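Note that the chains are named A, B, C and D in the order they appear, and that numbering of residues resets to 1 at the start of each chain.
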Amino acid sequence: MNFMSDNVAGAAPEIMAALLEANAGTAPSYGADAISKRLEQRFADLFGRPVAIFPVATGTAANALALAQFTPPWGSVYCHAEAHIQADECGAPEMFTSGAKLVPLPGPHGKLLPETLAAALDRAPKGFVHAVQPAALSLTQATEAGTVYRPDEVAALADIAHRHGLAVHMDGARFANAVSHLGCDPAEVTWRVGVDALSFGATKNGALGAEAVIFFDPAKAADFAYRRKRSAHLFSKMRFLSAQLDAYLADGLWLRLAAHANAMAARLAQGLAALPGVTLAHPVEANEIFAALPEAMITHLQTHGAGFYRWDGQVVRLVTAWNTPAADVEHFLALAAAAAEK
Amino acid sequence: MNFMSDNVAGAAPEIMAALLEANAGTAPSYGADAISKRLEQRFADLFGRPVAIFPVATGTAANALALAQFTPPWGSVYCHAEAHIQADECGAPEMFTSGAKLVPLPGPHGKLLPETLAAALDRAPKGFVHAVQPAALSLTQATEAGTVYRPDEVAALADIAHRHGLAVHMDGARFANAVSHLGCDPAEVTWRVGVDALSFGATKNGALGAEAVIFFDPAKAADFAYRRKRSAHLFSKMRFLSAQLDAYLADGLWLRLAAHANAMAARLAQGLAALPGVTLAHPVEANEIFAALPEAMITHLQTHGAGFYRWDGQVVRLVTAWNTPAADVEHFLALAAAAAEK
Amino acid sequence: MNFMSDNVAGAAPEIMAALLEANAGTAPSYGADAISKRLEQRFADLFGRPVAIFPVATGTAANALALAQFTPPWGSVYCHAEAHIQADECGAPEMFTSGAKLVPLPGPHGKLLPETLAAALDRAPKGFVHAVQPAALSLTQATEAGTVYRPDEVAALADIAHRHGLAVHMDGARFANAVSHLGCDPAEVTWRVGVDALSFGATKNGALGAEAVIFFDPAKAADFAYRRKRSAHLFSKMRFLSAQLDAYLADGLWLRLAAHANAMAARLAQGLAALPGVTLAHPVEANEIFAALPEAMITHLQTHGAGFYRWDGQVVRLVTAWNTPAADVEHFLALAAAAAEK
Amino acid sequence: MNFMSDNVAGAAPEIMAALLEANAGTAPSYGADAISKRLEQRFADLFGRPVAIFPVATGTAANALALAQFTPPWGSVYCHAEAHIQADECGAPEMFTSGAKLVPLPGPHGKLLPETLAAALDRAPKGFVHAVQPAALSLTQATEAGTVYRPDEVAALADIAHRHGLAVHMDGARFANAVSHLGCDPAEVTWRVGVDALSFGATKNGALGAEAVIFFDPAKAADFAYRRKRSAHLFSKMRFLSAQLDAYLADGLWLRLAAHANAMAARLAQGLAALPGVTLAHPVEANEIFAALPEAMITHLQTHGAGFYRWDGQVVRLVTAWNTPAADVEHFLALAAAAAEK
């Protein structure tokens, strides 16, 4: 019953199998291998347009590199106050941009509201030499609160950003969970609604460690290869990164894995919400549940081996993964119910 | 017959097996898992002293992070002109140190000579506010020329460095090949002779992508975890990095793999050197051969499917790996011999 | 009637005279001249303790350099949301710290409240590798709102900062105005109440362009000279920076100049506050007035040649300087009164 | 008899007078004042074409900012091994470029030879993701050895640089001395022969501290204002920087001052060269003399109060300035002659 994070889960068997297969024989290094080469086409097919893609091994690398491509050292990046780039990357965006500034904005349930963004950008002193210049908007999909932006919500935010001259980045560490929830074509919630670059995550959803930075306009990826190399994120045995992504995309694996995680989260949320004294802090739309539990229930769950984070006061965070056993979910709910009845 | 690089080779079966094994069940993330935790002890045992170790996925990351720990932005790093950090990392050391300067020095066969280093450091204007301040020496072991520093050679260089207040870093991307050649205890060519930090490489010698930054004085690793995180080199599913290193060290695998690569290189070198018109550019002490070949021989080899780099003029570079087939070596030599007889 | 800023004023005659005097003959460069050498003692006398001081030419340089001395790239700097370092330096602190993060906090009248700082630092995830680490507190004295921290207020904030391991920096671009208002010994509002480094401003108060970074514990200034040099803020003809500061400190000039500016601001504030429809937005304690004026009054003043900034809605900012003519103040007030009577 | 450096000299009376004059009244800050505004036209007239100009206070700032405009973090800057940017700026170019690499090249008498540059650029692995990419050439005019590039020499080097896609920067800390020596129009040795940006120095030649970064194609100066601001080199009381440059250009003052310094150097060189045991190390074309003197002569001069640097072994450096007294030169030569006769 480990609901600490989706990164406590291992790798999906299909991805492990792909690694083993990729290991056969010699292969050109640094991305000149056959798997790496076909990956670009795979992503182009997935998104229905030519793309430039760059595999890296961590989500922080994907985010920081993508933002650096759009943001000069005197630029600023607008994001939600709880965004991973602001709260959980120890200043990586600042390092990779050579010192840009993040502008954290509030928003309910982990989501930015168009009016909040518009107001912030209207206030920003553009062309004023004494102030950093707005350069990028970063949206997290699914959000850190386990919610999901609908395509029209992304469109509204991206439109504001573009009108002010900002590029739009999407942190898709849990992109699969978001797309699974939306049931839409991935294009519909990215480039068709104004996303310029996507950190396409696989690590949290069944890979060992693999993400792809995707530029929907390949022309905007100029010189990105140097950025990746000098930040030490170019892998010599690239085939092992690419094979993970290749298997992840094959036959819709990525969405199957995410669908399971989402379903487990939905079941957890439904079961918890039915208990007295439990309140969901946010809508559960992806694979994270934030819920306020009675203190006795928290204690009871912990003493019976359930793993999760206390987030804030009575609110706990539960995260499901591609392989969360349904039995664990039911066991957890049974424990919670028992505590509730006491 | 792919002698392009040791990074064209895949991963050793023992390491692949360890990955599969590590994949079982859930595990705490970011290095709190059991494999990661025992790794420190493994390295302590290997080197015969307490160490602080930090797994990362690329050699460039290991080097740049280690150097940044010792070098302030106004510092300088002394290294061989052909060192990977100077020639092949696209400015990663500069990025990670926030702008330090590398000072490339010449030296025969890829090795720095003590007198060259001493002269350079004597010339360096220490305490002169207008000049960057010498902060670190970086030695490559085995060198980019396929040669190996003997312990007394490292000692002589490290002693000069320490007398001038520099820390000593060793780029050990091919450390296994060097130790295999020397037949010594790894401690004898590192901390016992003055090495402060080691980039302990595994990727080129049978891992998928795994290196360890090792500080021989754990006190010198203070805050290094933040450096790794903000450069996006902290893995969430760390067990997959650690499992590679764990298997690499188990039962002396790392030295067995290197011994094979070295043996193949020695055989290649011996065979080539016996041919008319062939001259070895450097002593072959690890798994790289640099040899000047007649043009006709180069053409003959290439047209018969041998893969290698033309390095400089007639000099080609051949690299063997942990799994280079002996048959490939013999085939290559037969082709070369045939060309030599024409 | 130019109340746009205190930087529209020129240099005080005493300072110009000092420049002319300093120009005689040759002098060692880069701070080895006699004037520069005696400057350290002047500041030591002023503050009643040994100090390390470093002249620079701009307030932004003083702030960014001082903060960089205390803040690693993975560090964070706590400051008021309206602080110059956050709002008006185009990311200089981020550049000089190699990418640290500023944490802007709210507070009434430009001042941080102890409870706000304490809450923010309690929330900060210290020792959590995924988050930047609190490293410095920066207080602005006088504040951007024209108010002044009392010594006990600085003490309370500095105490919280120190308990959490942060260094305390004071942005004293208008330090003279603050000290003049407080009527205290400069030590009482700096090192005696926990300030570790001070950007001691002179530019806004009668210099051409001269500030001093002061470390109250000289040991904390180690290597600072390299920081200054590599950021291109070491002057070859340093005597011309030092002469400004030397004259500024001589015979209490700095406080006389500030006293005049403050008196002019007080008179302006008093006069404006007496008019119907005018509200002071902040207490006027230094040389800045923020006041909400009726629209007709703003127009009347502007059309009659009064220079000032519209700050926010009806609020305008007026800044007085060391040489603001009393007649200008009275003229301005007469115009405002005329507009109020319409 | 202070020949230590041209920066031991003070400011020219015309420049001091301009400062005093500029001090009258209030003036808009940050470059919106009348003097700053007319400066662009002054430089346009001087160079016979529209230019973008940015005053700063130090030569290091001018160089580092100009290079950063042309050089991405993964770029490299080619320069002479003795160039100020390489040897005397404590890594400022690295800081301002966010970590680019300088490539020092040898060359006789402080000058780069076209064949050296061409060979270096031919060797540079352009488009190779593992290596920094050549981005800029920086020439020093007059050189650190006191020599001067002729227009055709600049043209040959700039042509090579441009053919390889590099921008051309000229470090003109002693530009006046070079132009005075050449007797040419300043355009002839800059933009007409391929210089893209010039650090136009005034500090060493009679200013207190003033330089201008000049872009000969104003379009290439985009966003430069943010660079200057965030590096803390934008002056609030800009009129005091601009006034120095304004007076420096007025009525050919800059060339008159340089002509004197050059004449004094020529006389020193001629006098020394005539003495037995003295050898000039480099042609004396500007205001620096490098000469090997007998040990006894060095001692004799020093004990009689002559100030100069021992450069390397018996070679000393003498620098003359805009106000070096002819009597000092004659006195120095007399002392040297006396020593020579012993």
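Before moving on, here are some points about what is shown:
Methods note: contacts are C-beta pairs under 8 Å (C-beta built on N, C-alpha and C of every residue); 3 or more make two chains touch, one makes a residue touch a chain.
The model shown is predicted, which means the values in this text are computed figures rather than measured ones.
Seen from the Cα centre of chain B, the chain whose own Cα centre is farthest off is C. With A-C and C-D as the two chain pairs, more C-beta contacts join C-D.
Centroids built from CA atoms put chain C at 51 Å from chain B.
Centre-to-centre separation of chain C and chain D, using mean CA positions: 34 Å. Separating the CA-averaged centres of chain A and chain C is a span of 42 Å.
Residue positions 30, 73-74, 89-91, 94-95, 98-99, 129-130, 132, 226, 229-230, 234 of chain A each touch two or more of the other chains.
With chains as nodes and touching pairs as edges, the resulting graph is complete, every pair of chains being joined.
Within the complex, the chain A residues that touch chain B are 2, 4-5, 7-11, 16, 19-20, 22-30, 56-61, 64-65, 89-92, 94-96, 203-204, 208-209, 226, 229-237, 239-241. Chain contact summary for the complex, chain B toward chain C: residues 30, 72-74, 98-99, 129-130, 132-133, 223, 225-227, 229-230, 234. For chain B in complex with chain D, the touching residues are 73-74, 87-91, 94-95, 97-102, 129-132.
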